[in-house]
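Just so it is clear, A, B, C and D label the chains in written order, and each chain counts residues from 1 on its own.
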Amino acid sequence: MGNTFGHLFRITTFGESHGGGVGVVIDGCPPMLAISEAEIQVELDRRRPGQSRITTPRKEADTCEIVSGVFQGQTLGTPITILVRNKNTRPQDYSEMAQVYRPSHADATYDAKYGVRNWQGGGRSSARETIGRVAAGAIAKKILAQIAGVEIIGYVKRIKDLEAEIDPEQVTLEAVESNILRCPNAEAAEQMIEIIDQARKDANSLGGVVECVARQVPIGLGSPVFDKLEADLAKGVMSLPASKGFEIGSGFAGTRLTGIEHNDEFYTDETGRIRTVTNRSGGIQGGISNGENIVLRAAFKPTATIGKSQKTVNQAGEETTLAAKGRHDPCVLPRAVPMVEAMVALVLCDHLLRNEAQCRTLPRSE
Amino acid sequence: MGNTFGHLFRITTFGESHGGGVGVVIDGCPPMLAISEAEIQVELDRRRPGQSRITTPRKEADTCEIVSGVFQGQTLGTPITILVRNKNTRPQDYSEMAQVYRPSHADATYDAKYGVRNWQGGGRSSARETIGRVAAGAIAKKILAQIAGVEIIGYVKRIKDLEAEIDPEQVTLEAVESNILRCPNAEAAEQMIEIIDQARKDANSLGGVVECVARQVPIGLGSPVFDKLEADLAKGVMSLPASKGFEIGSGFAGTRLTGIEHNDEFYTDETGRIRTVTNRSGGIQGGISNGENIVLRAAFKPTATIGKSQKTVNQAGEETTLAAKGRHDPCVLPRAVPMVEAMVALVLCDHLLRNEAQCRTLPRSE
Amino acid sequence: MGNTFGHLFRITTFGESHGGGVGVVIDGCPPMLAISEAEIQVELDRRRPGQSRITTPRKEADTCEIVSGVFQGQTLGTPITILVRNKNTRPQDYSEMAQVYRPSHADATYDAKYGVRNWQGGGRSSARETIGRVAAGAIAKKILAQIAGVEIIGYVKRIKDLEAEIDPEQVTLEAVESNILRCPNAEAAEQMIEIIDQARKDANSLGGVVECVARQVPIGLGSPVFDKLEADLAKGVMSLPASKGFEIGSGFAGTRLTGIEHNDEFYTDETGRIRTVTNRSGGIQGGISNGENIVLRAAFKPTATIGKSQKTVNQAGEETTLAAKGRHDPCVLPRAVPMVEAMVALVLCDHLLRNEAQCRTLPRSE
Amino acid sequence: MGNTFGHLFRITTFGESHGGGVGVVIDGCPPMLAISEAEIQVELDRRRPGQSRITTPRKEADTCEIVSGVFQGQTLGTPITILVRNKNTRPQDYSEMAQVYRPSHADATYDAKYGVRNWQGGGRSSARETIGRVAAGAIAKKILAQIAGVEIIGYVKRIKDLEAEIDPEQVTLEAVESNILRCPNAEAAEQMIEIIDQARKDANSLGGVVECVARQVPIGLGSPVFDKLEADLAKGVMSLPASKGFEIGSGFAGTRLTGIEHNDEFYTDETGRIRTVTNRSGGIQGGISNGENIVLRAAFKPTATIGKSQKTVNQAGEETTLAAKGRHDPCVLPRAVPMVEAMVALVLCDHLLRNEAQCRTLPRSE
């Protein structure tokens, strides 16, 4: 059951990087939402390989087909299946990996757990699996936008040691998409691209941090205790390939402050709405959204599959070396941006429906 | 449904800090496990308030009762209910909080979501809720120990800017429990206690980082895609009160390395087992445990409820100030240690049963 | 996880017939619902033993305590725990059953599955477990009544071969409760009571059929495919102790008609609402409620535990005989009525919240 | 979430009768199971339309494609997706149904719930959805057979008033498949086929009862309380289109016996295994399989879509008549047989894995 996410807006992804295709089934989507393959394709194009010189040179169009759940341009309330066929596969690039385990990759653990593995291009552990998430996220984003005007914007905040100044209150999708790195600070982006270019030439790879802001999130999303909004966001983001850390609001840095420095004091704004002066909480208090911007960060490690030669072992346990062939990203972060956005959208959409059910069904006397 | 955690070893916690009591129902526990109230009490005593001068001065014995699921000292395979009655409650300490929202606390968001709130001592948002988790965690730990000799040890790694050197390979429970802070580095502990003492005197509070290691974890736990082991650990830990961040293995720091520096090279040890030279993966690759130590860190913010005066608003939205009465922890970290351990135990135990079901039921020909 | 029921209005029952107590945790209940122990007690009193000469002579007050989730008479939106302590237990009545398996009872299968069993009074397999269901059902009924005026009325339709004429459109709770059998047809009730009295004297037992009607159910509850409303009702009812069959609407008898005879023709009533002339569908079409009365029936076998001597085996597999001691119901049906009502209420309440979430969150243009 | 079934062996079906296709995603399947499209096709061919003159004359090959989860003929442990494209669709046959509601069909309730409906051939409410169930059932059957030699055989027991004598202990798949009705009693089958032929000529339809036996089921499957084995079987079967009733073992008829007549006495057979003399329990006691044959029955109403003219209303609520065009089954029972088998296999396979996890992971001392 590890391939399903969400409680009411619930997605199940399927597919290996090589084989018939990859995709997603979305169950619980509200009916009568206008949706088209073209709208979903926009988000898929943001995550597809080959989009620039700093991503993998694999060229995959990743054209999506809505197989079910939509009729005459509208969702039916029944499961929406979105399928992307695998094309441009080169299994021969991976033949060595049938035997030899890539360090810090899923090869060895899959073999140990399942006793079998589709070794062509990573199989189920391939980032190609995230196609289903991004497709579903496109629908979740549209629901959130229609109901509450929610805007979700992710961007590259740091590559290796290069950190960009970006104001989550002001950042726009246009600024994010204005360069191939998806860092809205143009100057920082240029430097980041430079070191990624260098890593690529060195057959090496780089990691970094994606930050994501969700604006106009309704108050009241999230549930105390286990399904705190930040807990579900953490799970969503930490389930992405290559993620190693998650922070909400002030995160790890916030632990260096004292209580009086860290607390977000309340005030009432001109419209009578209760607000916080600062937002170290990152838009969530007690596991529940408070209407301020949700701000989170995710750490992505340097890509595990690299061209440089490394010590490793093969299936038989014999020591050997591996310099990976195949076409790999020198840095996953530009393509991780739409993946993080998708996970945030899926969590928020699910909790929006959950809140509606529990807290807005019974008529309140006051 | 936000109060249930786990898929096969599944717990549901209940209760508010004031009211009839708090507790947990555990469903799916294997039968014929020897368990006693005394064993559970050991863990509860590690999290209870009043255990030292650097925790809240509330004195609560938190004595547990096994209401169901155990017969003649053995688990029955039916739901295990553990109940701790609320005693030593002083609702009058909280009467001001019925009206006035504590900054960075759950008061305002609970009111906004539910329209009602048990304002006595935090109600459901109180850390008292974690009694149920710790009690269930005691059972999960025992199962993990019996089946595979798993050891789970948490400890305070950092308070504010004071970070302790601790070797997760070597740390012992005895060292952790040797001081009231639960920092196994005695020298660092002393300094940390000093600054917490000072914060307490200042009616202020401090945060920090808990690190946790799980040793002897079987290979193969975790599931690709959404229920990656690190994703479920992240959710578990981020669902604890006051947590703001989560890291596995190299975490955020790892993103500053290049791929060749970060990858864990493989070798075969003298017993023929495939191992990694380094452990930047933190014991998990591709979402699945690889048999190395699982190492994770959680950021806990400074306690929100402090005695210092802060600007805030009341339920009517009128601006006011609040200097919290009541008996609060100047630093949650010493008591967070058993909570983190409990969440780690719950996740590992659940995935152990899941792995058994999927990967060890069908006889394998080889 | 077999002890949890429902997706949004979700209950977990716990407890054995002997031990600390039995009860329920309800997660997902809407906040701000007025509820009291007295209201819940009313329903519990309808299911408790010792209420009349045709039920078990065990006298148990089954007084309930709300342990959590309610504050100042209102639900908090947090888990509601309801606990009933076990009293008047006589484990010595069951000492023989520690060794000897009662025919058609759970003794042997529990031992085979779990390797251990609380043999005092049936343990977890005791009908005492249904206390938690009935308590939760009381809350579900109140929600359904408040939101939509739903009325759920169960009654004894048949005992052995004696079947009563009862009109589900007209039947009232008052008529049901007017006799100890809960058969609203007074004449039939009298005859039924007579044969139960005889069975009791013979140390034998009887079975029969409970019918249940739910009126004023909103249109649109239920979900196509697996969670069809009738499928979830079937599961709920078939999970009650001693149930052997389930029917919706025309049920098994309906299979003797042809399509033209069986179909419910549509018409539009004076208010403009689409209605059906007949109701062989039992208020559900395509898995979704159509606004007509939901009518279902459940078969309950004769109580397995009887005083007559029967051939059986003991734990060691040695053949022996058993004439059960203890205090048992000669016929479970009078007490099964509130249990069936509770399961129907739980299913409807869950689907009401689910429908709200999926189909009433997104604003519809028309 | 209504489109997912099972807890560990978990399937999600998708698709409408008209549109891109129908299918299933299976999550949680054990790895290293040999499986081929050809094996799945065998079961699909048993449910496909056009297989004989007493089923719908629609000719659909329903050729399946395994899109994911299988590699070199073996399951990978990742989600298995099986897709069947929609072909030979004739939406024009259904154009009238875009406006006019078929009596006792899902048309009106779908419109009321979702505000939108794929009116071409029933959309999601079409029996075509069961392709996914039958495909997944084929895999579940194979797992059950490999692990425990389980055999699941369904057959037509009754059409209208014609009931066949069939011994569930002895019935074979060969006998079932020896005629187009799937009634292993050849003489009865002939008469049944005759009345179905007549109904077809009359533009009418017939219902009846399918019985299903599962042999060699391991002891210990099922879980007390809500997930009793019979409760999950009831849900599975009652989620099939056109089902109106469910019975386990003695069912409704058993309620006419007294306790002493109904109870299954125990004995110990020559191999030392505890057995029951009779099997009125239908192979399940206390919600848990006891190793005897599981025997259940399902009532299927006469097909709702018929050629005869009936009174109905259109979307606007105006009264009209409808004589359905399109190609419909005069009796669903022959095709319902593999559907019932599939649901039984899915429930048993899920509970087999669940039992393994809870009751066979912890080493038992004795």
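Basically, a contact is a pair of C-beta atoms (placed from the backbone, for glycine too) under 8 Å apart; a residue touches a chain by one contact, two chains touch by 3 or more.
Small disclaimer: the values here were computed from a predicted structure and weren't measured.
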Next on the checklist: Test of understanding: which option in C-D, A-B or B-C shares over half of the contact pairs of A-D, residue numbers taken as the match?
Outcome noted: B-C
Item to check | Comparison of B-C and A-C by number of C-beta pairs in contact, larger one | outcome: B-C
Checklist entry - chain C to chain D: how many Å between their CA centres? => result 26
Item to check | Distance between chain centroids, defined by C-alpha means - chain A, chain C (Å) | outcome: 45
Checklist entry - Any idea how many Å lie between the Cα centroids of chain B and chain C? => result 38
Checklist entry - If you look at chain D, which of its residues touch at least two other chains? => result 1-4, 7-8, 13, 28, 31-32, 77-78, 113-115, 124, 224, 354, 359, 364
Checklist outcome for this item: Given the complex, residues on chain D that touch chain C span 1-5, 7, 13, 101, 103-110, 112-115, 124-125, 129, 158, 160-161, 199, 202, 204-209, 219-220, 222-228, 230-239, 243-252, 254-268, 272, 274, 276-277, 280-282, 284-290, 299-304, 306, 308, 310-313, 317-319, 354-355, 359, 364, 366
Checklist outcome for this item: chain D residues touching chain B in their complex are 7-8, 28-33, 77-78, 143, 146-147, 224, 352-354, 356-365
Item to check | chain B partner contacts - residues on chain C that touch it in the complex | outcome: 1-4, 7-8, 10, 12-16, 19-23, 25, 27-28, 31-32, 65-69, 71, 74-81, 83, 113-118, 123-124
